[in-house]
């Protein structure tokens, strides 16, 4: 469309552009601010900030503070990985069920439920997690621990399972499932009808059609959806904070009632921190931001690519 | 050429009555066997039942499937697995809706929405105190956040669809990445730059944090809504000699008015339950304060969070009731958005 | 309502075993096809012709139970394969579709599969054991007229072929499960004239062994490729079968004036 611009148009374009650029500036501010603090901390502590195992703020002269976010970073990844491990298969099954097995009213009801579930605030997942789900999670965890205790990651020292990475991961999984299921459903529904028809015309069953055509077609979309969910799981605060028993040390026992999460670290420490520790927390936030940002970028690129056309 | 009689349409491929009774019998059988197993093994609980029913169904399919071909048996098994996994995926949400409703309704008395916690401690009986201050606080912060964000979001949408200037890619990219900012990081940003630099947590600080989280949703929804406006409409207006700014203001934006309201509502629904950023920026209080730049302010999520942290019986009850109100608010927003969203499309 | 049933006069020994008796089809409330009775001659090509919207594709999909995948569809009447109603109570539709195969309008090889995998995909779908895969692939591609062009790149993706080659790959894929009847729904409408001619040659060769039923709205194609023709027409109401006969007779001396008008291009 070719438009001749008047003065009014120029003003209008100026205002609109300024408005759009404001969002740019805001993110730029957040980014550069986090980056500046991050750079400061990294220059002070080096890579030890990522790998270090100790987070202690010293109030006394002479004793240096030490900030290493390693255990929390590892904890974040462990909890998110557990969440995805459960969420992805369930989402695939859920999407397939809604799209290909459910009919009529059931289908309508389930897709309504799916939309609503995606709107539940994470706080409510956390509330449900600690008040309701822990009872189940604990039972499953102790079941796993008793049977598979000889495998290091299922090993436990105490008999506390309730506030473990496993249980927190399950709660996060139920939070991630709506996102991944929606994306999976969206890509599955785009499978060309003729391809599915062809499977039937060749004497295939419904599952045959799904396996031959739908799953390969939706593969990258599901990967994208899973990564969107991963982005949400990595950055989640309250749901994890409420369920997990925060403990600042490396732990790989996923059934033991202790674990970590960067976001929860920030939520616990910000209030009573010295300016030195606050800078370290901002740097930790920066690392978390980079992590979720890169995951989200890849995810949305994949989703955009597969749902185009 | 005689008149031809038209037979009744039929659907021979649909389930026949015999099939239906047979599957009813199977379900009954599975239920009975599971009951017996649960009775004798004490494998109780919702999860125990679920696992039992699943295993019994698999067993039944294997036994009955001997008559069927390998293909049909495989299909039945796959269908059972997919259904079971789907149920497992949907079960938490049903459990959440149910438990929030059942446990929340206990404390949902009139005083919950009419009084605050000024003269009540969390352990007092549930007919005392309430969350009025928290609701007002949430409302105030969300409104302020909307007031800041909505114009920016709509301008971004207009920029992306009407002007398409040289920053288009950059703006879209930035909006996309903003939607991935963890809420705690947004809170931490406002905390370090504003809250700790001024007088501590305030409603304004809270709304800044919420605004950061809301902006991507509003901008993206606005863009999508504006994209639905047919180009013919723009061309028609331009052909009448209207300038672009008049076309946008008089033709394009009014066409999608309800869509833009939807964008705002979706933005509000996105942030109304946000807890972590408010923890850092708005704090909590026991009564509502009208000054947005002075003093901490309560909000519904923080109310729930705080009550849960206290952990005593009545406090937890209050938390559930707060969660119920929060969930109802989210659903109300969601349904309004959906109703309005359907309006602009034809 | 005009007389809606015409019977293709086929001597009993040349009968393919597939016939419909008073077949009707609906989409929701819309009555799309009314009272079609037709017996298909064996080892021949029968063309279903008529203007668009006359129900010929719907009729084709009734013949191998693909009709039921369209939401809210319904049917009435009988479709018999060797005397048994394929819509009977204990009939496995998948087994019917193995005997009555189908090739679709747009070439649609499975995108994630190689040429070889595409050919044998039907057997995998139907859980049929494959004895000698190489022989089978070669045989099917040969019958579809594609072997010489692709024998050196069987492991290339099916999508790497040209449109016409893709459609012949789809034919090969259908042949692998050894159907008695092959239904083709305007198989050349998405192809260029050169590819169309190649496919038509393939169809004629196929009819030496199996029965082919092809929907086409291209009169020249019908006259080139088919041995018998069935003319469908809708006058706003449901589609009906107007006339069915040997192609030569249909094009030179049809019984019904509407057929004559259509084959001479006066409408449609």
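The chains carry the letters A, B and C, assigned in the order they are written, with residues numbered from 1 in each.
To be clear about the criterion, a contact is a pair of C-beta atoms (placed from the backbone, for glycine too) under 8 Å apart; a residue touches a chain by one contact, two chains touch by 3 or more.
Bear in mind the structure is a predicted one, so any value in this text is a computation, not a measurement.
Across the assembly, the chain pair joined by the most C-beta contact pairs is A-B.
Among the other chains, C has the CA centre that is most remote from the centre of chain A.
Averaging Cα coordinates per chain places chain B and chain C 49 Å apart. The distance from the centre of chain A to the centre of chain B, each centre being the mean of the chain's C-alpha atoms, comes to 16 Å. One inter-chain figure worth recording: chain A and chain C are separated by 50 Å, centre to centre, where each centre is the mean of the chain's CA atoms. Each of the following residues of chain C touches two or more other chains: 94, 126. The multi-chain contact residues of chain B, meaning those touching 2 or more other chains, are 71, 74.
Contact with two or more other chains is made by residues 205 of chain A.
Those residues of chain C whose C-beta lies close enough to touch chain A in the complex are 64, 66, 69, 94-95, 97-98, 101-102, 104-106, 108, 110-112, 121-122, 124-126, 170, 173-174, 177. Of all the residues in chain B, the ones that touch chain A in their complex are 45-47, 71-72, 74-75, 78-79, 81-86, 88-90, 92-97, 99-100, 103, 151-156, 158-160, 162-163, 165, 167, 170-171, 174-186, 188-189, 191-193, 196, 212, 215, 219, 231, 234-235, 238, 243-246, 248-249, 269, 272-276, 279-280, 301, 304-305, 308, 316, 319-320, 323, 326-327, 330-331, 334. Residues 1-4, 22, 24, 26, 31, 34-35, 65, 68, 73-77, 87-89, 93-94, 126-127 of chain C are the ones that touch chain B when the two sit in their complex. Chain A meets chain B in the complex at residues 1, 3, 5-6, 8-9, 11-13, 15-24, 26-28, 30, 33-34, 37, 89-94, 96-98, 101, 110, 113, 115-117, 119-125, 127-128, 130-133, 136, 139-140, 174, 177-178, 181, 205-207, 231, 234-238, 241-242, 263, 266-267, 270, 278, 281-282, 285-286, 288-289, 292-293, 295-297, 300. Contact residues on chain A toward chain C in their complex (touch as defined above): 192, 194-195, 197-205, 208-209, 212-213, 216-217.
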